[in-house]
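A, B, C and D label the chains in the order they appear, each numbered from 1.
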Amino acid sequence: MTLESEVRSYCRTFDVEFSTGRGGTMTTTDGRHYRDFLACCGSLNYGHNHPVLKQALTSHIADDGLAMSLDLKSDRKRDFLTAFETHILKPRRLDYVVQLPGPTGANAIEAAIKLARKVTGRNEVIAFTNGFHGCTLGALALTGSGHHRGQSGTLLSGVTRAPYDGYYGPDICTAEMLDKMLSDPSGGLEAPAAIVLEAIQGEGGLNMATPRWTRRIAEIARKHGALLIVDDIQAGCGRSGDFFSFEALRITPDIVTLAKSLSGFGLPMSMVLFRREFDLWLPGEHNGTFRGNSHAFVTATAALDHFWADLGFAKTVKENALFIAGRLKRLAETHGLSTRGRGFMQGLRFDDPVAARRVQLACFKAGLILETCGPHDEVIKLLPALTLTRDELAEGIDILADALATTLSKTEEPA
Amino acid sequence: MTLESEVRSYCRTFDVEFSTGRGGTMTTTDGRHYRDFLACCGSLNYGHNHPVLKQALTSHIADDGLAMSLDLKSDRKRDFLTAFETHILKPRRLDYVVQLPGPTGANAIEAAIKLARKVTGRNEVIAFTNGFHGCTLGALALTGSGHHRGQSGTLLSGVTRAPYDGYYGPDICTAEMLDKMLSDPSGGLEAPAAIVLEAIQGEGGLNMATPRWTRRIAEIARKHGALLIVDDIQAGCGRSGDFFSFEALRITPDIVTLAKSLSGFGLPMSMVLFRREFDLWLPGEHNGTFRGNSHAFVTATAALDHFWADLGFAKTVKENALFIAGRLKRLAETHGLSTRGRGFMQGLRFDDPVAARRVQLACFKAGLILETCGPHDEVIKLLPALTLTRDELAEGIDILADALATTLSKTEEPA
Amino acid sequence: MTLESEVRSYCRTFDVEFSTGRGGTMTTTDGRHYRDFLACCGSLNYGHNHPVLKQALTSHIADDGLAMSLDLKSDRKRDFLTAFETHILKPRRLDYVVQLPGPTGANAIEAAIKLARKVTGRNEVIAFTNGFHGCTLGALALTGSGHHRGQSGTLLSGVTRAPYDGYYGPDICTAEMLDKMLSDPSGGLEAPAAIVLEAIQGEGGLNMATPRWTRRIAEIARKHGALLIVDDIQAGCGRSGDFFSFEALRITPDIVTLAKSLSGFGLPMSMVLFRREFDLWLPGEHNGTFRGNSHAFVTATAALDHFWADLGFAKTVKENALFIAGRLKRLAETHGLSTRGRGFMQGLRFDDPVAARRVQLACFKAGLILETCGPHDEVIKLLPALTLTRDELAEGIDILADALATTLSKTEEPA
Amino acid sequence: MTLESEVRSYCRTFDVEFSTGRGGTMTTTDGRHYRDFLACCGSLNYGHNHPVLKQALTSHIADDGLAMSLDLKSDRKRDFLTAFETHILKPRRLDYVVQLPGPTGANAIEAAIKLARKVTGRNEVIAFTNGFHGCTLGALALTGSGHHRGQSGTLLSGVTRAPYDGYYGPDICTAEMLDKMLSDPSGGLEAPAAIVLEAIQGEGGLNMATPRWTRRIAEIARKHGALLIVDDIQAGCGRSGDFFSFEALRITPDIVTLAKSLSGFGLPMSMVLFRREFDLWLPGEHNGTFRGNSHAFVTATAALDHFWADLGFAKTVKENALFIAGRLKRLAETHGLSTRGRGFMQGLRFDDPVAARRVQLACFKAGLILETCGPHDEVIKLLPALTLTRDELAEGIDILADALATTLSKTEEPA
């Protein structure tokens, strides 16, 4: 009988004991190697123990650099803010203020909606079908997943659910539908404090918002006095091909949340960005003990300096994303599946969730770790590190191709 | 103009840039040293960069040990769970299951109340005046502080506020008051899912619950079908003198939350403990990307092995706590103040919050960092590392004594 | 300065003092007569002071019959229940239990949703755009009107808003849209306790649900374990042509609310009907002092006996409704308007709410009382008593026709 | 099997069929007479079918006077407002505006708290243990009774429960306790929109607020920016001895709710009174179809003119209340009970609810109708019409005395 609660999840699918990691490979205690196309749910965009980041962290620790520092000033925080401003905000002409609310994505979302409510004096937040934003009470109310929302006890209020882009098929613009209800004096929706969206729904099935829809949503937010929040926790930090997932959509959100790969090393760190005019926080009004994770500042700074000082990295990521897309397209055609996502968060959608599950398990048996997503776990999701070479990507996808070939030909057999 | 939001708080009082830390000392970028009686709000119970923990972490990183691992099995998580069971749970005969819900205290609280609501099928949670439990929506509803609860927009529901032990003076038992209202069929309180309390209210002014009151609250929880949750985020991990703050109160909570000093090194980590019979979680029902912080597992294991394998450390902490108490008692008598708290979370309460603020600033000027707490920030709070020697403690308290002497004699002057 | 609050509404449009009423005519204190096409918002389906009902009430009072009786047994309540069962329930094969929850429609709605929540153990209720269900807190949460929902202070939760039949035009089935979101495990809607709808939205603009859509909604309710509630407060008691508005739609709701014309005389009375299997009420669990309005029982019984003992009355109402429809169709064609509604709740929709308002005022000047409805008050609504002769109807509509001709020809002029 | 729902309540205790009423007597269909000390829960302060009121109503109906009139102007409403201003408001120097929100007490409460929330922009309302304010969602949240609040589904939020005067015994001032929590910046209570209280808790066990406590509550409301609402639905309209129950307490509430005996004849009518400065309603913002009950206006006017034009009636009521108090005091002494209440709402409290129930049933058997109240139904409550002569009162109390003597002597026997 384990000491840990039944709440454990990934260890049920990948039932081995891991010990070390390097780049795109994880190794178990007993020496088996696995290709990692999960990257800790997109938290390791630069792979495990990237040597540049590792060196920076090791050096910081050796020097007795602070491990944590609340919201005190520190040299490492200063370095990070400078790097973020220099490499990310300025080149994109984004005039955002930075809040470090605590080290988890959920905390960033909680801070974002709290701020939007404070700024607007309104309560209701609009969130979308199949969105995922975290498990703390405020974030959970935004999250669509019934599995996480649960069946009893907890009460989730203050959120209006709207259909995401394409939810009712390509011919129906769900943004127009939302605008009609919000504009109707008897439409029965409260004037919203915010509209929260993911540009690519990482947990919800790799659904993508189109530029047109997203810009329409941005207009609707402005028209109705709501702030537009882009949750870039999974799709940000380069995973979409750009640093922010919304760059390709040509919108500038009022608030942005980042976490997961922000530290670049898997260390807990999150951030909220918002237009300076909305910085109505009182000192200490939203806080959290671990909001000054100095180890994470160190690796985040190293990652920004190393990968984002020029356009080369993003260019390579986009090229490799096209390679992934091409391979997945052919696999989809071969097996009657459809493709999902963009950048380094792409996948294959199965009509039958059981088939997706079989493919996932066959991959694991063959040494490839990847997860499923979507409302029925019917989408195989590829989240490899952005730093993988084309050969490494190809080797992983080859395993997937084999698993598809073997598994799908077997699905006729009795279970 | 800073890039960071106005939400920054500690850096306003301690307006210097910190760089390194070792034991009970923090050093600024320009080489000034400060005695640290704040310990990152009680997150550094073993001081900054404790060599044993540092060595373990450095070695782990050098070996390409995982930085994070979701809720996968890993050697480092196994080591941690074994150490926690061996050194903490077994000797105290606590049959708890462990949940790692994400690395912040707020997340632990969110998981705890979600579980209590799930177990009981009830919504309402009873929390106390001056309690502090975090800033995410569910935790914030439990938190008493009006500054954090805010004035607009956000809606906090599902919590019934009850007066803490001694809130109405020593002659009124607030536990009996609560029982009367809960027992009254027309009392108008909902049957509660949980009662949440801190044994020592760290933010609320170092108010202490007596064993008698706490045991009565435990009875009341049982009588009314509610789970008893002890939030040991600040008072736990040895700060009270015992590993858990409730050991001295002779109760066994149904659920316990830990965070802050759990990793021992300042790395984000939190934990929820609960009786095995309440482990009704479905796999993945409450999760968080950073719930498997392997760096934190490594330092936490080292801390447990080093400090908690026998009773010696706790004994020293208790002896030194008595020393602190003695010094504070004399200071209180000299200056007409009162003492608060126990263990390594003690303080001095001022009638005038302005005086407390002046003393805090005078200490900082003299090289001592400590914070204020209480509803009016009227309590000077000492949260030194538990590892400080008696001399180190004495040197800090000497600075405080000087600040008191100087400051309070000046309070007669015109402001 | 009036003693009454600014909350007064109708008296601003119809700024005369009324004294008496008879059939379809209201007379002011100073002797002016008005044709009444408002019927107290549909509460006087048999006109003012109908002689049969008046005689029954006068006789009851003369005999010292009880005026009120809580939920005690009384001869008059027995008479009413017998008549309702005999003339209404049995001929329609409806096996409903009757609850008398208090004398207002809002109270009936409150009881209905409370019961649905009790039966299902769920919280969320689905209500529709432009629906109107009352102003008490539970009913208001269901109501779409922003004017009534208000801007501040009050919190309206527990309701999911869905688009009504035809809300997005004739080509989009909003019932299918609702089913998709409810069926999606990550759709983010809570499993509903009930779906509440009006077959004809009296306040919302005389929007009508089609039989096909309504039957689909009934299926969706069943599929997802929700109760179907038809709010028949305005459209019931014959106004649609049948006693219940849902008869023409071929559905049998789980719960039905009635009020307004139930007493037939304008006396406050409401009723909730529900399938016997859902009668989970405990004695006295939902009550209200005025739930036994004996005067209303007396007139309601007389109305049922007089109008609903055979099919003749309903037949006449339907024939006259066709007459109204024909007249309105021609007026709409002449003036480029569109028609709305069915039965004795029909109207004309204007593109310009100002024009609708002008027509209403011109009618009043010419001795005809009627109101506007719809999200922008852009629909002129005819709610005459069902007892009006065709000549009386024609005379009212003639006034409307004149007002249209005069007003709309004037709208070219500068305002 | 009855057509009516199991929600029926009074008819279970008083299981006979009533037909007529006159003064303090109700008569069944088969001719049995009962003395009525229930007065339809205090809705018949002038008894059944009082001849003066009956004559006014009969005459109004004979003349085809309007039965209902929404919020239109009418001669009968004007008469009522004039009488209310002349006989009630002016002599008491109360500068209130009148709102007619719909005919039930619950509706008046809903309007009152909605207005308080609108005026203050705050959500939370403070209500007291054992308070009863109605069963619609907003009113129910204020109500203490667990039986009415129910166990599942319905969610009651926005209310903070505070202990009523004397709840913790005579030595603890619960008003001071409330003030302490509200004044504490970390007390954890939201700034309240309103404090709602009954001067005498009719359903809660005839608990009485003292003048001192009530004035302290009024100060606390003012200090914290909350409106003071007195719910005078049961205790108002003369039942306390004065027209308003709060007259004896020397406070002037910001908002007052009236219903039950307002029409004087048992016809549904309610009213909200508030200081003119708080009349922030927009036209029609809170409404209800039956808010213009003209029959009720007629009887209410007659009642005001007949009973309240001078001080004689109130004087007699107070004298007779002393008579009732004297009789109850002796009965209490004889049987080891305690007395409760004042005016014409007094009672006897039993330690054993079963004994109270037996006495109630014995009274009914002997021809006296009265009810029990209190959290355990442990208080026998006398609510006779205010118009009863001393002989009639004596006869009823004699029956009670016999029932006590017989029943309590039997309680020793095995159940």
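Definition applied: a contact is a pair of C-beta atoms (placed from the backbone, for glycine too) under 8 Å apart; a residue touches a chain by one contact, two chains touch by 3 or more.
All values reported here derive from a predicted model rather than from experimental measurement.
Asks: By mean C-alpha position, what chain is farthest away from chain C?
Replies: B
Asks: Could you give the separation in Å between the centres of chain A and chain C, each centre being the mean of its C-alpha atoms?
Replies: The answer is 49 Å.
Asks: Just curious, how far off is chain C from chain B if you go by their C-alpha centres, in Å?
Replies: Result: the chain centres lie 58 Å from each other.
Asks: I'd like to verify one number: the distance from the centre of chain C to the centre of chain D, where each centre is the average of its C-alpha atoms, in whole angstrom.
Replies: The answer is 31 Å.
Asks: Listing for chain D: what residues touch at least two other chains?
Replies: 123, 147, 155, 157-158
Asks: Write out all the pairs of touching chains, ordered by chain label.
Replies: A-B, A-C, B-D, C-D
Asks: Mind pulling up the chain C residues that touch chain D in the complex?
Replies: Residues 3-12, 14-22, 26, 29, 40-41, 43-44, 48-49, 54, 57-58, 61-76, 78, 81, 84-85, 97-107, 110-111, 114, 116-123, 134-139, 141, 147-148, 150, 152-155, 157-158, 193, 259-260, 265-268, 272, 274, 279-290, 293, 295 of chain C touch chain D in their complex.
Asks: Using the touch rule from the top, collect the residues of chain C that touch chain A in their complex.
Replies: Interface residues on the chain C side: 123, 127-132, 143-147, 149, 155-161, 163, 167-168, 172, 177, 180-181, 184-190, 203-205, 374-376.
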